[in-house]
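Structures given as C-alpha cells follow.
The following pair of complexes shares a single chain, chain A, combined with chain B in the former and chain C in the latter.
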Partner chain A sequence: MDFLAIFNSSISFILAPTTIAYALATLGLAVHFGFGGLLNMGMAGFMALGAYGYAIGVLTFGLPWYFAAFVGIGASVVFALILGIPTLRLRGDYLAIVTIAAAEIVRLLLLSSAFGGITGSADGLSGFNGPGGTITNPTVGAGGFNESNPIPPGDYGFVPFLDNERTWYLRIVGIIILTLAIFLVWRLVNSPWGRVIKGIREDEDAVRSLGKNVFAYKMQALIIGGVLGALGGLMLAFSTNVNSSVYVTSLTFFLWTALLLGGAATVFGPLAGSIIFWVLQAFLGLLFPALADAGLMPFTTIQAAQIKYIIVGFALVLLVVYRPQGLFGNKKELTFVK
Partner chain B sequence: MSSNESSSTPVKSTGLHVGAIKPGVAKKDPILVADGVHRQFGGLVAVDVEHVEIPRNAITALIGPNGAGKTTFFNLLTGFDQPDRGAWSFNGNSLAKLSAFKVARRGLIRTFQLTKALGLLTVMDNMKLGSTEQTGEKLSASLFPFLWKKKEIEIEAKALEILTRFKLDTKRDDFAASLSGGQRKLLEMARALMTNPELVMLDEPMAGVNPALTQSLLDHILNLKKDGMTVLFVEHDMQMVRHIADWVIVMAEGKVVAEGAPDEVMKNPAVIDAYLGSHQDIDLGAVTGRITLPKISKEK
Partner chain C sequence: MRRNASRLASAVGAFVLAFGVLGLASPAQADVVNPEMPFKISGNVQNKGEPIAGVTINLTGGGGYAATVMTDAEGKFTAGVPEKEADYSVSVDEATLPDGIAVIDNPATEFVEANVQTVTVGPGGRATMNFFIGQGERQVTGMFDQVVQRLISGLNFGLMLALASVGLSLIYGTTGISNFAHAELVTFGAIATLGLVAVMGEGMLWLAIPLAIVLSAGFGWGLDAALWAPLRRRGMGLVQLMIVSIGLSLGIRYTYQFFIGGVTENLPGSGAERFNLFGSVSLSIIDIVSMGVSVLLIIAFAWWLSASKIGKATRAISDNPSLAASSGIDVDGVVRIVWIIGSALAGFSGILWAYFRPGIRWDMGGQILLLIFAATTLGGLGTAYGALVGSLIVGILVEGSSLFIPSDLKYVGALVVLIGILLFRPQGILGRKERVG
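Let's look at the complex of A and B:
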C-alpha cells in the first residue's frame, strides 16, 4: 500500500478544478439557504444548465467560449425564473420539492434521446473545450476554452501540485472566478440588501410588514445562487466532458454536505467545506480500496470504494445533530435547527 | 422620560364621531374607512364588516371574543389576506388588492399577535430593517458601500434613539432570539416605528407581558398618539383598553356590534353579553365561589 501516493492525490484535490467548481456551487447554496432561507434541493440542475449551456453554445452554435459561457449562465437565470415565479410565493418546503423535481426534469431532458443531436443523450458532449480538450475529433470546438490558454505547454509546480499547462490555466481561472464570487457574496450579505435577505430567512411576513417586496428579494437570491451554481457547472465543463449522469440528485446532496460542514450562513464556509469534503472523499475513496487490496478489509476493492458514501452519510447526520452551524458558523447562529 | 406623567393622566380624545353612536358611525376625520369587507373560510364567515371608520390621531381599541375575526380583519386591512369582496381606503386612497408590502409603504404598519422578531438578526439589524427607502437595499447599489454608508449611519442613530426609549439599547448587539417574550414585543413595536408609520396596528401588544412592562408599553402607545400617529389595537385586557383607548370598536362573529367611548361601550348590554361577561369587575375568585370578597358580597 502506497500511503504517500494516496496522500498526494488526496492533497491535490485542495485546488483541483473540480473542488473549485463544487465550491462555487456550494456558495450558491449558501446564498439560497444560508442567507435567503430558500431550500434549494436542485442545485445539480443549475450546474447542468451551466455546463450544457456552455457546451451546446460552442458545439451547436459555434460561439467562442466566453459567449458560450453566458449561454450557460443565461440558462440558469431562466431556470431560476421558471422555478421561482410559481413557487416563491409558497412556503419554503414546497420550493425544496419543486427544485428537486425540476433538477431531475432537466437531467432527464438532457439524457433523453429526443434531443440527442444537441445534448449527446447518454454519451454527453465532449470536445467543446477546443483542440486538446479531447483526443477524438480535434477540429471541433475551435474557439474553445483551451485555445485561450496563454501558458506555454509543459508541466509546472511540484508534487502534489504538479500539473500540465491546461490544468494550471483552469486552476487560475477557477481561483479568479471563485475569489470574485466570494467577494461579491461577502459584499452582498454585509449590505442592507443582505439584511433584508436574512430577515426573509427568519420570517418573511415580518419583512413584508415593513414594506419590503419579499418576492423580488427571494427571486434575486434565487437567481444569484443559481448563477453561482451555473458557474460551478461551467468550471466542471471547462475541465472535462459533460454528461447528464454527473448532475444527479446525489451531487446536490454532496453540495449540501459541504455547505453544512463549512457553515450555511457563512461566506468562507462553502469554500472550506468543499475543500475538506472533496479531499476527504478522495482520501477515503483511495484508502479503502487500498486497504481491501492489502487484505485488511473484508470487501472487494469495488465494494470498498463505496464505503466512503456510507461514511459521508453518517458524517452528515452527526454534523446536523451536533454542529448544525458548521465548522465556521457562529455558535449562536444555529441556522439549520431553530 | 416624560411618558410617566402622560400615563398617569392620559388625555382622551373626545368628540371623534358624527351623529348618534351606532356600529359604523361616521367619524369627523377618519384615517381608515372600510366598506362591506367580507371574508369567508369555507362555510365560516370570519369577517363581515358593513362599515367602519377609524378616527385619525386617536387610539382605537378593537375588542371582541376569541374567534370574532379581529386578527383576520387586521390581515385583510394590511394586505396579508385578501377579502372575498369589499373596499377600504387609507387616507382616502383605496388599499383593495394591494399586496402587504405596498400597504406598509403607504404608512400603515402592523405588528403580529405571535411576535415576529427576526431571531438570528441582532436587535440593531432588526431595527435597521424597519427603515424605509434605503438605497443599499437595492441589489445593484448594495455592492457599493459609498452609496449607502451615510444613510446607514443616520438609520443607526435613529434606531439607537428609539431603542433607548424602549430600554433595549443595551441589547443592541444581541440576537433578537435571545430576548424574552416581552422584550420581543417591545422590539417589534420599536421596529415598526422605524418606518415612520401614520397608522400603527398592534395585535395584542400586551399578551404575555408582565405588569411592569405593560405599564411602559402603555406609555409607548400613548406617546405614539402624542407624536401624531394613529393607533388601532386588539386587546383583551379591559383595564388597559379603558385606560388608553379613545374609542372602542367591538366585533363579534365577524361583525361590528358596538362602538363608542370606552366607558359607554362597556356598559352596553350587548357587549357584556357577547364579550365581557357580567362579572368583569368582580374578582375571579368570587365568581367561582372560592373566595368571598366582603365588599362585593355586601353589594349583592
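Let's look at the complex of A and C:
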C-alpha cells in the first residue's frame, strides 16, 4: 500500500477542475437554499443543461465554444423559469419534489435513444472541446476550448499539483469563474436585494407585507443559483466528456452534503465544503480499497470502494441533526425555517 | 512527470466511473470494430429482454463502408463509422440467431423491414440501433390487444405502487416527513426475501415472503425507535427531517450495494410461464397472484383505516395532530404503528416490484421513488385513499404511455403529470386546499 500516492492523489483534488465544478454548483445551491430558502433538489438538472447545452451548441449548431457556453447558461435560465412559475408559490417541500422530478425528466430525455442523434443517448457526447483533449473529434477543428489555451505544452507545478498545460488551463479558467461567482454572490447577499431574499427565507409573509414582490425575488434567486449550477456543469464539460449517468439524483444529494458541511448560509462555506467533501471522497475511495487489498479489511476491493458512499449518507444525517449550520455557519442564521 | 499526470487522470477517471455506476445505464464493454473511426453506431440485441451473444451484425454505408461486428455477452455491439450526418444500413444476420428466433417489429419505431434497418448518425456523431427479438414467428398485435395488455400491466404496476404510496402518505400525514428513504424500505422487502430464500431454500418461498414482510415491519419500527421518534421529540423542522431522510436513503442504499453488489438477482419463479387470456393478451401466474394479494391487502388496509380504533386515531392525527393529542390520543404510539404498517406494505410492494421489473437491485426502490411521490401528490399528500387513486392513475399512465412514446421515456409522462398537478391542483385529487401553505 502506497500511502504517499493515496495522499497525493487526494490532495490533488483541492481545486481540481471537477472540484471547482462542484463548488460552483454548491454555491448555486447556497443561493437557492442558504439565502433564498428554496429547496432545490434538482441541481443535477441545471448542471446537465449547462454541460449538454455547451456540448450540443458545439457539435450540433457548430458554434464557437464561448457562444456554445451561453447556450448551456441560457438553457438553465429557461429551466429555472419553467420550474419556478408553477412551483415558487407553493410550500417548500413541494418545490423539492418538483425540482427532483424535473431534474430526472432532463436526465431521462438526455438518456433516451429517441434523441440519440443529438444527445448521444447512453454514450453521451465527446470531442466538443476540440483537439488536444482525451478524445479528438476531427469535425471540431480550430476554435475549440482546448485551442484557446495560451499555455505552451508541458508539465508544470510540483507534486501533487504536477499537471499538463490542459489541466492547468482548466484550473485557471475554473478559479477565475469561481472567484467572480463568489464575489458576485458576496456582493448580492450583502446588498438590499440580499436582505430581501434572506427576509423571504425567514418569513415570506412579513416581506410581502412590506410591499415586496416575493415571487419575483424568489425567481431571481432561482435563476442566479441555476446559472451557477450550469457554470458547474460547463466546467465539468470543459474537463471531460458529458454523460447523463453523471447527472443523477445522487449528485444533487452530494452537493447538498457539501453545502451543509460548509454552511448553507455562508459565501465561502460552499467552497470549503466542496473541497473538504471531494478531497475526503477521493481519499476514502482510495484508502479503503487499498486497505482491503492489503488484507487489513475483511471486504473485497469492490465492497471497500462503496464504503465512502455509506459514510456520506450517514454523515449527512449526523450533520443535519447535530450541526445544521455547518462547519463555518452562524447558529443565529440557521436556515432551517420551520 | 508524465506518470503523475496520468495517475491524476486515472484518479479522475475512476471518480467519473464511480459516478457512472450510480446511473441506470452504465455502458458496458461491447464488441467493438473500427474503434479508430471518429463516429459510432452502437446497440443491443435482446430476446424478450434477455441479451443474445454472438449475433453477427452487418453494417453498410456510403463510400463503400462495410463492417461486421458480433454482439458480446450482454448483447451489445459497437462499430466505428467514418461519416456523421449520414445514413447507414444495419442488419442482423438471422442465421446467427439461436434456433426458432426471428426479428419482429420494434413497437417503438415505425420500421417494417425489421432485420434490416437504416440508422442516421446525427450531428452528435453517435447513433443507437437496438434489435428486440421475439420467439418464433412474427407476432402481429392489434391495437385493441395492446391497449388491454397495457391496461392490465398498468393496473398491476399501479397496485404495486399503491402498497408503497399509502405508507408514504400515512407517514407524511401523521409526521409531516417527505420520507425519501421510503425507497429503501421498498428495496428492503425484496432483499430480505432474497436473503431468506438463500438461507431456507427455494421451496420455502411461501414462508420467506411473509417473514420478509415481518422483517420489513421490524425495520420500520427500528428506524422509528432509533431515529424518527428522538427527532420528533427534539421538535426538528420538516426541512431538516426531509434532508435527514435523504441522508438515510443514501446510507441504506449503498449499504445494500455493499452487500449484494451491482448485480441483478432474481427471486424464484420470476421467469414463470405466461399464458394467453385472449388474442395476444397474456399474463403469468405471478401477475395474477400479485394483483389478487394487492387488492386484498388494500381492502384490509382501508378497513383498518376507516373502522379500527387505531385507524381512526391515525386519520385524526393527520387532520390535526395537536387536537388529536389533546383529546387523549397517544400520538407517539400511533405514529409508531404507522411506521410499522407503512414499512410492511412498502416491503411487500418491493417483493412485487422484484417480480414486475423483474430482478432485485440495490437501487430498485430508488427507481420508483419519484413515481411513488407522484402518486401520493396526485392523490393528495397525506390522504391514504388519495395515494391509492393516484397510484392506479400513475401505474396505468406509465404503462399506457409506452404505446405512444418510446418506452425509455415512459417514466417522464408520470413526472410531467406530477409537475402539472402541482400547477393546477396542488392539493391533489382527494386533498383539501388548506394543506398547501
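The rule is simple: the second predicted complex is superposed on the first by the 328 of 338 C-alpha atoms of A that agree within 3 Å, B and C clash if a C-alpha of one lies under 4 Å from a C-alpha of the other, contacts with A are read in each partner's own complex, and residues count from 1 in each chain.
In this text, a residue touches a chain if its C-beta (ideal position, glycine included) is under 8 Å from a C-beta of that chain, and two chains touch if they have at least 3 such contacts.
Everything quoted here is computed from the prediction, not taken from an experiment.
Q: Looking at the combined model built on chain A, do chain B and chain C fit side by side or clash?
A: fit
Q: Which of the two partners, first being chain B and second being chain C, lies in contact with A:L184: first, second, both, or neither?
A: A:L184 contacts chain B only, not chain C.
Q: Which partner does A:V317 contact after superposing on A: first (chain B), second (chain C), both, neither?
A: second
Q: Once both structures are overlaid, what angle do chain B and chain C make about chain A, taking C-alpha centres and a multiple of 10 degrees?
A: Seen from the centre of chain A, the opening angle is 90 degrees.
Q: With both complexes overlaid on chain A, does A:G263 touch chain B (first), chain C (second), both or neither?
A: Neither partner.
Q: Contacts for A:G273 in the overlay, against chain B (first) and chain C (second): which applies, first, second, both or neither?
A: A:G273 contacts neither chain B nor chain C.
Q: Who does A:G72 touch here: chain B (first), chain C (second), both, or neither?
A: So A:G72 meets neither chain B nor chain C here.
Q: Once the shared chain is lined up, is A:G194 touching chain B (first), chain C (second), both, or neither of them?
A: first
Q: If you stack the two complexes on chain A, which partner ends up touching A:D203: first (chain B), second (chain C), both, or neither?
A: Only chain B; A:D203 stays clear of chain C.
Q: Residues of chain A touched by chain B versus by chain C: which partner has the larger set?
A: C
Q: In the superposed model, how near does chain B get to chain C, counting Cα atoms only, in Å?
A: 9
Q: Please report the chain A residues shared by its interface with chain B and its interface with chain C.
A: Looking at chain A, the two contact sets intersect at 338.
Q: Give every residue of chain A touching chain B within the complex, in rising order.
A: 184, 187-188, 191-196, 198-199, 201-203, 205-214, 220, 265, 332-333, 335, 338
Q: Quick one: which bits of chain C touch chain A in the complex? Just the residue numbers, please.
A: Residue list for chain C touching chain A: 1-2, 4-5, 7-8, 11-12, 14-16, 18-20, 22-27, 38, 40, 42, 84, 120-128, 130, 178, 227, 231, 236-240, 242-244, 246-255, 257-258, 261, 366, 370, 373-374, 377, 405-406, 408-409, 411-412, 415-416, 418-419, 422-423, 426, 436-437.
Q: For a test of understanding, state which residues of chain B touch chain A in their complex under the given definition.
A: Spelled out, the residues of chain B in touch with chain A are 78, 80, 99-102, 104-105, 109-112, 116-121, 125-126, 128-130, 132, 134-139, 141-143, 145, 148, 152, 175, 178, 188, 191-192, 194-195.
Q: Would you pull the chain A residues touching chain C in the complex into a rising list?
A: Per the stated touch rule, the residues are 5, 8-9, 12, 16, 18, 39, 41, 56, 59-60, 86-87, 90-94, 96-98, 100-102, 104-105, 108-109, 111-114, 116-123, 125, 127, 136-139, 155, 159-160, 162-164, 167, 239-240, 243-246, 248-251, 253, 256-257, 260, 281-282, 285-286, 299, 302-303, 305-307, 309-310, 312-317, 319-321, 324, 336-338.
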